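Once you scroll down, you'll see the structures, which are given as structure tokens.
In the two complexes below, subunit A is the common chain; its partner is subunit B in one and subunit C in the other.
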Partner chain A sequence: MLTYLPKRIGQGLLTVFLTVSVVFLLIRMAPGDPAASFAGPLATNEQLAAVREQFGLDKPLLQQYVIFIGQLFTGHLGQSYSFQAPAVQVVMDRLPYTLTLATSSILLAALVAIPLGMWMARRSDTDAELGVNVLTIAGQSMPDFWTGIMLLTGFSVLIPLFPASGFTTWGGLVLPTITVAILQIALVSRMVKREMVTNFNAPYLNIARSRGVSERVLTWKYALGNAGIPVFTALGTRFAAMLNGVVVVEVVFGWPGVGSLIVRALETRDYPLIQATVLITALLAVVVQLLIDLAYPLLDPRVRLGKAASA
Partner chain B sequence: MSTTISNPTQAPQSPRSSAVTKQMLKKSSAARRARSTRIKLWLGTILTLVVVVPIALANLLPIADPNMQDLGARRLAPLVDGHLFGTDQLGRDLLSRVLFGGQTSLMIGVLAVVVSGAIGVILGSIAGFYGKWADVIISRVLEAQMSLPLLMMLLLVVALFGPSIPVITGVIAIAQWPEVARLTRSLVLVEREKPYVDAAKTLGLPKLRILAQHVIPNVFKQASLVILLLLAQAVLLESALSFLGAGPQRPFSTWGRLISDGQDYITTSWWMVTLPGLFIVVLVVGVNLLGDALRDGNLRRSSKKEGK
Partner chain C sequence: MKYQDTAVLEVSNFTVELMTDNGIFKAVNNVSFRIGHGETVTIIGESGSGKSTTAMGLLQLLPQGLAALSGQVKIKGEDVLSNPKAIAKFRGRGLALIPQDPMTALNPVATIGSQLREAIKVAGRITVKQQMQSKAVELLEQVRIPRVEEQLKKFPHQLSGGMLQRVLIAIALASEPELLVADEPTSALDVTVQAGILDLLLELQQTRGISVLMITHDIGVARLVSDTIHVMKSGKFIESGPAAQIVDAPAEEYTRALLSAVPRLGEWDETSMVAKGAS
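And now, the complex of A and B:
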């Protein structure tokens, strides 16, 4: 444990550092001039040069990188070009929206997927299960932007139940949450089913049954208890991935989160904003992943951190 | 007690007449699982063909040119004036646009899977077979890539190299190779411990030749099972990129672009989003079902072979 934690934190920080470095390089290699998109199409060459100097883009790449590394340590990543505010601040303002959407989606997914997966495992290979199985495959086959637009058309345009875009009332959370959750439900319920079936077929369960343990205890305590860890990991990993922005769904619903922010930042070549977004979301994802790992021993007393580092 | 969770491999197989009736055999979980797999296989094949065949024959079918505008026939509803799927905001035939757009989408998907499959199998088998530093490097790159925000990186790279078809194909392939590589690596790790590899070594075959001629062919069949699942993913990824405006540009009208164009008209013209989307869904469901069924079937065969 004492060597495990520093090692994991070190690995996580290294991943974050590599990620931001790659992004730093990529955006500067990309065509498109942030000065041009900032100063507008009518700007003269002198104005463009002035803007570049103001943003520090006239310096050599290596020097820009060194400045950037320095900024990483101070936590101040420069002014966003288009928002005219500290880039970190802009991202932090958007973060609660993405967190809200990600949390509500993962909760909905867990609430539906776990019972659904258990049901599928118990009814394995019946006609009803086959039907649900095909439905879950459909769930993971629908492009999320399309599902989103369909839900919008149905429950916002045709039947005006929910607002079409933005997050002004709690009702605005419903459709994006469902859109994100559909894919997650499909993936997680199939996984729950797989894990449960593996446990149902395991010898220990037959022994327990032969000793007269009731079916209910077998299902809920034995099989689900053992299926819990991989399922919990999957849910956590999916949650961490969502923190990188549920890009497409946020764009469809005009959701003021990190995902729609990054699309806008890419379009306007807002370098500081892109870097700040990547840094913060990558850090968050690493932290969530670490928390999941730390929670293992709580779920399963057999797990000793550090020894099971391959997990 | 529920019979659904009894051990499937215990289904009686003796040729002697027994008290077990055919009816009971049919109900056994092994038989039912085989039936599920069969149904999935058929359903998957049918759904895939429903989409792929018209796309493949698009040039032969008697449909309008996908780019022919008719401003007098803007946003016609489906089935009006011989337009099976209706028309779009410029009066172009939607069915024709969906089919020809599908050619681009499918081509990108297939090419991406071929490229990612090749990279994945080669790097994965090198990592698994040679181990040591090769494994360390490849596994690290894998991990690093899987922790990157995928869609954002794809958007960045497309912005960098321009949204041409080779770039988009390459980007999707790069997004997908880790999955193939991981699978191949784990298969090769098992394979290289088998006696025939030792035998080949004793015979003095060079390592590379053992890998290329004996190990890879042996793991290839299992590794190739993910291909269909990857194809489904590739089609979805491409449509998401197109939807965000980072897909192939004009004159190619891929499915994601059709949907993003139609988004502005959802209040009045539902078909412009619904129908192209349904095409994607039917194709991807079909391909996923096929992939699922093949994997189920393969799992069962291999567990039977090993006598479980």
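And now, the complex of A and C:
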């Protein structure tokens, strides 16, 4: 544990550093000119040159990179071109919205997928289970922008129950949450089912049955206690992935989160904003993943950190 | 062979049909036997003879919907086959199973102590938490596990196969067993550990007067522990009788073949090995 934690933190920081470095390079290789999109189509060459100088884009690439590395250590990644505010601050303002959507989605997914998966395991190979299985495959196959638009059409336009866009009331959270959760429910419920069936058929469960342990305890404590371990990891990893912004869903619902922010930053070639978004979401993903790994030995006594967990 | 009048287990015309991909397969065919108080009855046979299926079928632990049980199974005079709920009364309370492979027999994410206390709770004689803990300690001491307090906090993967089998015997003892079903209790263990486990079983059986149904393929084990031996082949008993008679004067060719399958220590005949290798 004493060597594990510093090692993992080091690995995490390296991951973040490589990610932001690659992004730094890629956005500068991609076509498009930040100065042009900032100064507008009618700008003269002199005006463009002035903007480039203002943003420091006239300097050689290597020098820009050195400046960027320096900025990483101060935590100030420069002014966003389009917001005219510190880029980090712009991202931090949007982050709570993404956190809200990710948390509500993962909670909904867990609350539906775990009971559903357990039900599917109990009714394994019946017609009802087959029907639900088909539904989960459908849920997995529907692209989220399409699900989102269908939900908008149904419950915001035809039956105006929820707002169509933005997050001004809690009702605005409902449709984006469902849209994000559908795919997760489809994937996680089938995983829960598979894990539960494996544990229902495990020798230790039948032997516990032979010593009079009730079916209720066998299902909840024995089977779910074992099946829950990989399911917890899967939910945690999915949550970490959502923190990078659920880009398509955020755009469909006009959700003011990090996902829609990065789309706007890319459209305007807002380099500092892109870099700040990538840095913060990568840091978050690494931290959440580390927390999941640290929680793992609490769930599974067979795992010792530094040996099996890092493998 | 004491108390022959009160049979702890009485099995008549017991049949197990398994649903397989190739149709219905009669794994156990019309088997009848009884176990008296304090008696040890062994079913011996090769792999696939139906001996383990008999044991698991009697305990109703075969997968539901894939195994059809018929006949009559009476535990202490009560028919547990006609009433599917009856078996639950005995499980963990007077009826216990010692499984084939101790390494996969315990919940991997629960401590030895918690699984032992759970068995004590099911047995229902002790309700106070503190007493459950001291009973758990007592049970582990009875199966001669060293440093008991320490072991109770461990998880199954931290113990060896032999130690786990002792834990499982302790869990079986928690139920105050009158009938113990031992399904090849030593076959998954190291040879050096087998004798210790058998000694322990014999000792507990003799001091407590537990009736035992022993399932084994090992004629040495059968001879050591049994009062009565039933030889099983293809789902049927082909020969039954007192242990000494079956081992010393087998009537059936199959039983003789089982007996001669036991390797014996003797002079090493190198010439025959060479001859075989050359041919």
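Throughout what follows, the second predicted complex is superposed on the first by the 308 of 311 C-alpha atoms of A that agree within 3 Å, B and C clash if a C-alpha of one lies under 4 Å from a C-alpha of the other, contacts with A are read in each partner's own complex, and residues count from 1 in each chain.
We adopt the following convention: a residue touches a chain if its C-beta (ideal position, glycine included) is under 8 Å from a C-beta of that chain, and two chains touch if they have at least 3 such contacts.
This is a predicted model, so every value here is computed, not measured.
Asker: Kindly classify A:128 by the partners it touches after superposition: subunit B alone (first), subunit C alone (second), both, or neither?
Answerer: A:128: touches no partner chain.
Asker: Name the contact category of A:208: first (subunit B only), second (subunit C only), both, or neither.
Answerer: In the superposition, A:208 touches subunit C alone.
Asker: A:291 in the overlay: touching subunit B, subunit C, both, or neither? Say first, second, both or neither.
Answerer: A:291: touches no partner chain.
Asker: Tell me the contact category for A:146 with respect to subunit B and subunit C: first, second, both or neither.
Answerer: It touches subunit B, and subunit C stays clear.
Asker: Can A:61 be said to touch subunit B (first), subunit C (second), both, or neither?
Answerer: neither
Asker: In this superposed model, does subunit C or subunit B come into contact with more residues of subunit A?
Answerer: B
Asker: Regarding the shared-chain residue A:27, is it in contact with subunit B (first), subunit C (second), both, or neither?
Answerer: After superposition on chain A, A:27 lies in contact with subunit B alone.
Asker: Is there a shared patch on subunit A that both subunit B and subunit C touch, and which residues make it up?
Answerer: Touching subunit B and subunit C on subunit A: residues 201, 206, 209.
Asker: Please give the residue numbers of subunit A that touch subunit B in the complex, ascending.
Answerer: Counting only subunit A, the residues touching subunit B are 15, 18-19, 22-23, 26-27, 29-32, 122-126, 129-130, 133-134, 137-138, 140-146, 149-150, 152-153, 157, 200-201, 206, 209, 215, 244-245, 247-248, 251-252, 262-263, 266, 278, 281-282, 285-286.
Asker: Okay, in this complex, where on subunit B does subunit A touch?
Answerer: It comes out as residues 1-2, 4-5, 7-8, 29, 32-33, 35-36, 39-40, 43, 143-144, 147-153, 155-157, 159-160, 162, 232, 236, 239-240, 243-244, 256, 259-260, 263, 266-267, 270, 273-274, 277, 280-281, 284-285, 288-289, 292.
Asker: Can you tell me which positions in subunit C touch subunit A when the two form their complex?
Answerer: Where subunit C meets subunit A, its residues are 59, 61, 63, 88, 91-93, 96-97, 99, 101, 104-111, 115, 118-119, 122-123, 155, 157, 168, 171-172, 175.
Asker: For a test of understanding, state which residues of subunit A touch subunit C in their complex under the given definition.
Answerer: 201-204, 206-213, 221-222, 225-226, 229, 299-302
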